[in-house]
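So that you can tell them apart, the chains are marked A, B, C, D, E and F in the order they are listed, and the count of residues begins at 1 in each.
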Amino acid sequence: MTTVIPFGPQHPVLPEPVSLKLEIDNDVVVGVLPSLGYVHRGLEKFIDTKDFNQTMYICERICGICSGIHGITYSRAVEKLFDIEVPERAQYLRVINSELCRIHSHLLWLGLFADGFGFESLFYECWKYREDVLDVLERFTGNRVIHSMSKVGGASRDLTKEQIDQILKTLDDLEPKVKNIEKVFVNNYTVKKRLVGLGVMSKQLAYEAGTAGPTLRGSGNAIDVRNTSDYDIYKDLGFKTAVAKEGDCYGRTKVRIDEIYEAIKLIRNAISKLPEGEIATRVKGFPTGEAIIRAEQPRGEVVYYVKGNGTKNLERLKVRTPTFANIPSLLLMLPGVKLADVPIVVLTIDPCISCTER
Amino acid sequence: MIENTVMLLIIVPILFSLLFVALPKSLYKYLAWAFFIIGVALSVNLVLDGTGVVQIGEPNFAMFENIVLILEVLIILFILAVSAKYKNWPTLGLGIVSAALFAYTFTNVPGVEGASLNIDQFSQIMILIVNIVGTAIILFATGYMDEYEEHRHLNRQKIFYFTMSFFLGAMNGLVMADTLGWLFLFWELTTLCSFVLISYNMDEEGINNGFRALALNLVGGIALSIGIILLATKYEISTLSGIGTYAGTDAAAMATVALPVALLCIGGFAKSAQMPFQSWLLGAMVAPTPVSALLHSSTMVNAGVFLVVKLVPAFAGSSLGTAIAVYGSFTFVMCSALALSQRNAKRVLAYSTIANLGLIIASAGIGTPLAVAAAIMLILFHAISKALLFLCTGEIEHTIGSRDIEDMSGLINKAPLLTTLAALGMVSMLLPPFGVLLTKWVSMEAASSNPVVIVFLVLGSALTTVYYAKWLGTILSSSMDKNAVPHKKPETYFPLSFLGLAIVVTSIFVFSIYNYFIKPQVEILLKTAPVISGQAGQFTSEIGAFAYAAIFVVLALAVLIYLATKNMFTPRTSSYYMCGENNLEKDRLMFRNGLCSYEKSSVSNIYLQNTFGESKLTTLGYAISIILIVIALAGGVGL
Amino acid sequence: MLDNVIQNITEIKSMPEVLKAVEGFKSDGYRYVTMICLKANEGHELIYIFEKDNKLKNLRYFVKPGEKPKSMSGIYLCALLIENEYQDLFGLTFEGLAIDYKGHLYLTPNSPKTPLA
Amino acid sequence: MSLAKSPWIIHVNVNSCNGCDIEVVACLTPLYDAERFGVLNIGTPKQADIMVVTGSVNYKNVNVLKNIYNQIPDPKVVLAVGACASTGGIFHDCYNVVGGVDQVIPVDAYVPGCCPRPEAILDGVVAALSILENKKKGNIKGKEVKLKGKEVPSNA
Amino acid sequence: MNTNDILLAVLVLIGAPIIGCIASGIDRKITARLQGRVGPPLLQPYYDVKKLLSKDNMVVNPTQNFYVIVYLVFIVLSLLMLVFKQDFLMIIFVYTVASLALIVGGMSTGSPYARVGSSREIMAILSYEPVLILYALAIYLLTGTFKLTAVLDASSPMLMYTPLIFIAMIVVLNIKLKKSPFDYSTSHHGHQELVKGMTTEYGGPGFATIEIAHFYEYVFLTGLIFLFWASNPIIGVLLGIIAYLLIIVIDNITARVYWQWMLKLSWSVLLIISIVNIAFLYVSGVQLA
Amino acid sequence: MGMLNLVLGNISRKPATRLYPFEVRAPFKEFKGRIVFNPDNCILCGLCQKKCPPDAITVIKADKTWELNVFRCIMCTECVNGCPKDCISISNERAKTGAKEFIKVAVPIVDKPKAETPKADTTKAPKAAPSK
């Protein structure tokens, strides 16, 4: 007789409502059936009643954690339809916002992950550092979590000198702190006991399973949309992809920690190169045509497909979020792990269910 | 008069066995009640008669001796015939060896002038166990066997009851016989009865397991008869008590008789299914549950430990004693570990029996007065608890149609009385204040002077807690999948309740039992009695105290508090926490899965098959136990 | 270059050909990115998107009304979620899904049926 | 006063975008440290006093919300955090959204904002505490919410 | 039983939960400070219990509260037996009754989380019980009796002869208090895959009973540590406090591990070091003066 | 030993906690706290209603009211940027927690022809905050 346990939707370890039906034999998971739909709101239908400017706010609320990058990517997609060039300063501002978001998201994930394996103080430590990032984001965009910093045609907020100093100072403070928690994640005996060799995906498997983001890069695939040449201005900022070879939860953790450092570096570079000038261009008319835009969110690659038909409402908006691509890999990783490891493996893809279901 | 009671104790079961054959099935119920009442009356009468030695001299002796001779010949012929019929060559071989030994005994061993039956306190305890617990089991069987046979399309109840009753008679003889030749006869009779009962189903599995039991017990019997021959030819000892008298407490004398004593002990080990021989007892699980209960609690296996305990004066304190103690405690820990990975309730109980017998043997091996007292008490308490547990398992099997522990989850809702009794049985096996734990405590305190034994005991007792706790929790949990049909027959529930009551009563009056039976017996065996006092509801020895009364009081207090607070604090019943996805209509343990359909959640226990799996541990256990036995023998020969 | 506007799109007429083409992509080492479903003249239009070395390749297939497209989840396991999603939202039926949620991936029996169709 | 000193919360996310959730969790972290008021984020409803709900409710979540609510022993308080939980927010007319939490279960206090700051959530918890005290004093029981109507529990 | 004994018993009955409550409060306060927070007030556990007692008694199964009452009374009994210097082996058995009662209570609710949690807790018994009995054995070897009288009346501390068992007991304390890294069967505050493990279905007064029993258990378990230096009560108490603080720190610097790992640790390391210690006691034959 | 250093560092330092109700940090001036409406210049054009993504603003020309559902507002500042008369501004003080009764703020509009002579102060400054 196997053990059958519902895991979610309301479960303390899962911050989000997703449900897994776990079949366990001898403390090892043998079957898993995810149940989605607890956060399905139907945003892709919603564009019928909102115009393309308002849709920006809806896209930001696809997910509260990657919200900034959702907004930016949506803006870029619609700009593509209009075929307008965004002022360079706005592009830099977007990069700064995205990378700050990435830092906050990764710190958040590190905390939740630590909570997943019962390391409460490490969880608090990570979230304590995250508050500093949120403070600068709040001063930059006016809100802690959902930023509304981007808009179709550019940015809606500019950075003042004072704010830039604030960002740089926070980053300087943050770097040694991240080094501290990195030591714990990488060296602590009990943490390694839990993470090393757990949820292993080989390089090939991760690639074929269509995973995205740190889940993919944790298995040794150096695939990052920021590497591609036309993604904003990353090419000028000396971006380097963070990769780990292990392919297990430990590797993915290392990738995310490395990405925090990388993000700090990118922000510093962006600030040093920040050009003067306008932050937005005016957008006239209504969008037509179709476009696909990809961007690198903290959780991985997001794909926006927009189709305009010449009215103020878009005809079709389709978002393929990174978690959507990563959930099938759970089906591959979960069988064979212990029950106690289920939350860790689920959290290791950094699930964002509200992204997935929209 | 004690002679009459003794004779009745042997004759009445045989009479009943004949009655069972003669009378129709419909009367079995009344026969069993009568047997139970007479059994209780006779055994109580024997206790009231007190102790004594019944000498059987001429002219009766010659007649008895002839009966014995004829019976032994018949036994050997039966074994040979049966094993030849089923083409079981190992058994046939062993039967031939037995026959040869018998022939050797007949020709070469000097005869005895008279036989004696020795009724001491230990025999009284054994008689009580055999005749009260044993007849209760037969009573239970009348409520059990009809349905059992119906399921398997059998009609062999006549043989069943005949053998069961006969078995009790043989056991009665065994525990009273002092003359080794007679002892051997009863010994072989029980072997034979167990063979018939184990292969009761007459299917391949049953017969194979029956033959395994027969073969392993024949090995034991051969060891026993070699021991008897040695004793008779070399030391001219022909009685059990004679060995003790010969060895006394003198180390040199002990050393001289060490080899035959060791051989006798090996016979006892085989009978008690100790480690290399354990497979027959596990195989015996194919038989109907009353058979298992009878074999495990009151009769068969107790004969082995009975013999070992009786031999205590011959090895107490010697190196042979230490070897036996280590061997017994090793069996205890090994079988406890083996029980951990079992989910078949009867197998768990079987391993638990073997483990507890190991504990008894270990206690006997330690040989201090305290330890021997523990061994005798453990035989008593274990018999009652184990009989209850086996009968409960049988009744559970009839109620839910399965003996898998996992299937018993939630039994408390369907059969509350049965579950409570089963829970009582389990609790009495592992928790204070009940008798089994008391004796475990005594033996641990006694064993604390022997480092190896105590470490084994410590590990074993932790393992025991684990496998019983799993089962206990499972039957007390509150969900039930199985279709449960409780039959409330008085024949089945009376023995269960009676045994349950017996557990509580014996545990409460443990000190009286100790004073009346065990203390004098230990004095007989070891010339000194353990220093134990029973003031203020405590069972106090030189090195510790067991406050059983306080625990009973606290237990009662807990019940009282529960009843008092039950209706306070606005009681409300709610549904389970199922992460929010409950189904409130059909089953409260259902939840909605990803396909929007409902599914039942279920949980199985942890069995640690990979660490404590049967196949791995059994091999290890065989190896180590055989080494230990060889060491014991070598020590016996004086190498 | 990132293919931002959907161009170099291959239109395929029949489902077996789609399957064959997708298998070809798989053997060429492409990753399955996503599939986009659009309403078009009574039926639905499916755009399969694949990626390799940061280049996107697209396949376009028109599903006639009532037609049951084949599932790609046998070739790319990760296709099962998006196909189940379109079963929910557009009322399509994919044949041979690895896990078939039968229209209950997002929606329950009491929520609106096929909202995007 | 005993209730006010030890409010244990259960956090239920029904259809929220994570924004409010992470702010609820942020309340417990060192900077805000809700445990100063005795707040514990307890996992099971059986031990909770305050139910913190985030997100506009969707059809799949309705029963989850009701079940969790029914499983909290009285006295209990429901706190709706964020614009979505209060009124449905920006998603109020999405096809799969039922609306604010008060459409399904009785709500005692609301926290506005998208997303509300942790300070605002702490304010909400403090507001909930006095309601909790009043409920205890007045012995007000939360009515068992029935599963009914358009949110039938099973399709079997 | 004379008047003094009764007074002492009443004192323990009343005093132990107060001490345990404060200890629990200190634990939460220190944990908070280690995590860089202010933390709850010192008397927070008291407020919690008071609140739980004022809530409805919501159960899934009417008998579930019986087991926690058994848990409570047997914890109290084992503490009283410790105070009255009873047989230590006996105390351990009585304590096992308490632990088992909680496990059976968890199982009896039938919730899948509670049952998995209980299964894990059974495995915890398997890992700490041998060490506890070996500790008892060490006491016997040092004093010639299992009764605690000898240990408490001795003039030299036991720690001198049982340093390895002391280390093992610290780990046992960690397992019993269900602190990280061994908080796999229930978790006090950290979130866990089993929700609240064994106590998932307990709420209101039933959970309050468990909490009160925990208070007694804190005192009882630190009492076991106290025995290591019973010759000087002040040092003994200090030893208990230090062990307690050590466990709080360990709680904060480790992740939760598997019960499998714990079983391996206890049956290889803890058991071996305890046996080595016991062997030393045998060979040297030292006696506690 | 990384974690040991961290926790020991924490205990040796002052806790990071901001004792919120007793010790309030002044909100950043950039913070989008709540919408403040100044009816003086309002021409009831309804542009804010059209722009508002969550439909939180209702302008009823007949009743001459401007209504903001505070519990639906998402602080996106579309209305602030979209208002032709700059009547709507954003304050860095957040909206207060409360019960549902207080969520609707109705602001009677002073009748006026085309942004002239701001009529006498029949209205108070609008507040989203509950008046308790």
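In this text, a residue touches a chain if its C-beta (ideal position, glycine included) is under 8 Å from a C-beta of that chain, and two chains touch if they have at least 3 such contacts.
Because the structure is a prediction, the values reported are computed rather than measured.
The chains in contact with subunit B as well as with subunit D are A, C, E.
In summary, the chains found to touch both subunit E and subunit F are A, D.
For subunit E, the chain whose average C-alpha position is most distant is C. With centres taken as mean C-alpha coordinates, the chain found closest to the middle of all protein C-alpha atoms is E. The distance from the centre of subunit B to the centre of subunit C, with each centre set as the mean of the Cα atoms, comes to 68 Å. Per-chain Cα centroids separate subunit A from subunit C by 24 Å.
For this pair, subunit B with subunit E, the centres built from the Cα atoms lie 36 Å apart. Each chain gets a centre from the mean of its Cα atoms; for subunit A and subunit E, those two points are 43 Å apart.
Under the contact definition stated at the top, the residues of subunit B that touch 2 or more other chains are 570, 572, 574-575, 577-581, 592, 594-596, 601-603, 606.
Residue numbers of subunit C whose C-beta contacts span two or more other chains: 104-109, 115.
Contact with two or more other chains is made by residues 3-7, 9-13, 27, 33, 36-37, 40, 42, 45, 57-58, 61, 121-122, 124-125, 128, 143, 146, 188 of subunit A.
In summary, the structure contains touching chain pairs A-B, A-C, A-D, A-E, A-F, B-C, B-D, B-E, C-D, D-E, D-F, E-F.
Subunit A contributes residues 1-11, 19, 21, 26-27, 33-36 to its touches with subunit B in the complex.
Residue ranges of subunit A in contact with subunit D, taken from their complex: 9-13, 15-17, 37-43, 45-46, 49, 57-58, 61-65, 67, 108, 111, 124, 127-128, 131, 143-146, 352, 354. Those residues of subunit C lying in contact with subunit D across their complex are 106-112, 115. Subunit B meets subunit D in the complex at residues 570, 572, 574-575, 577-586, 592, 596-598.
Against subunit B, in their complex, subunit E makes its touches with residues 53, 55-66, 69-70, 72-74, 77, 81, 86-90, 93-94, 96-97, 100, 103-104, 106-113, 115-116, 118-120, 122-123, 125-126, 129-130, 133-134, 137, 140-141, 144-147, 195, 200-201, 204-205, 271, 275, 278-279, 282.
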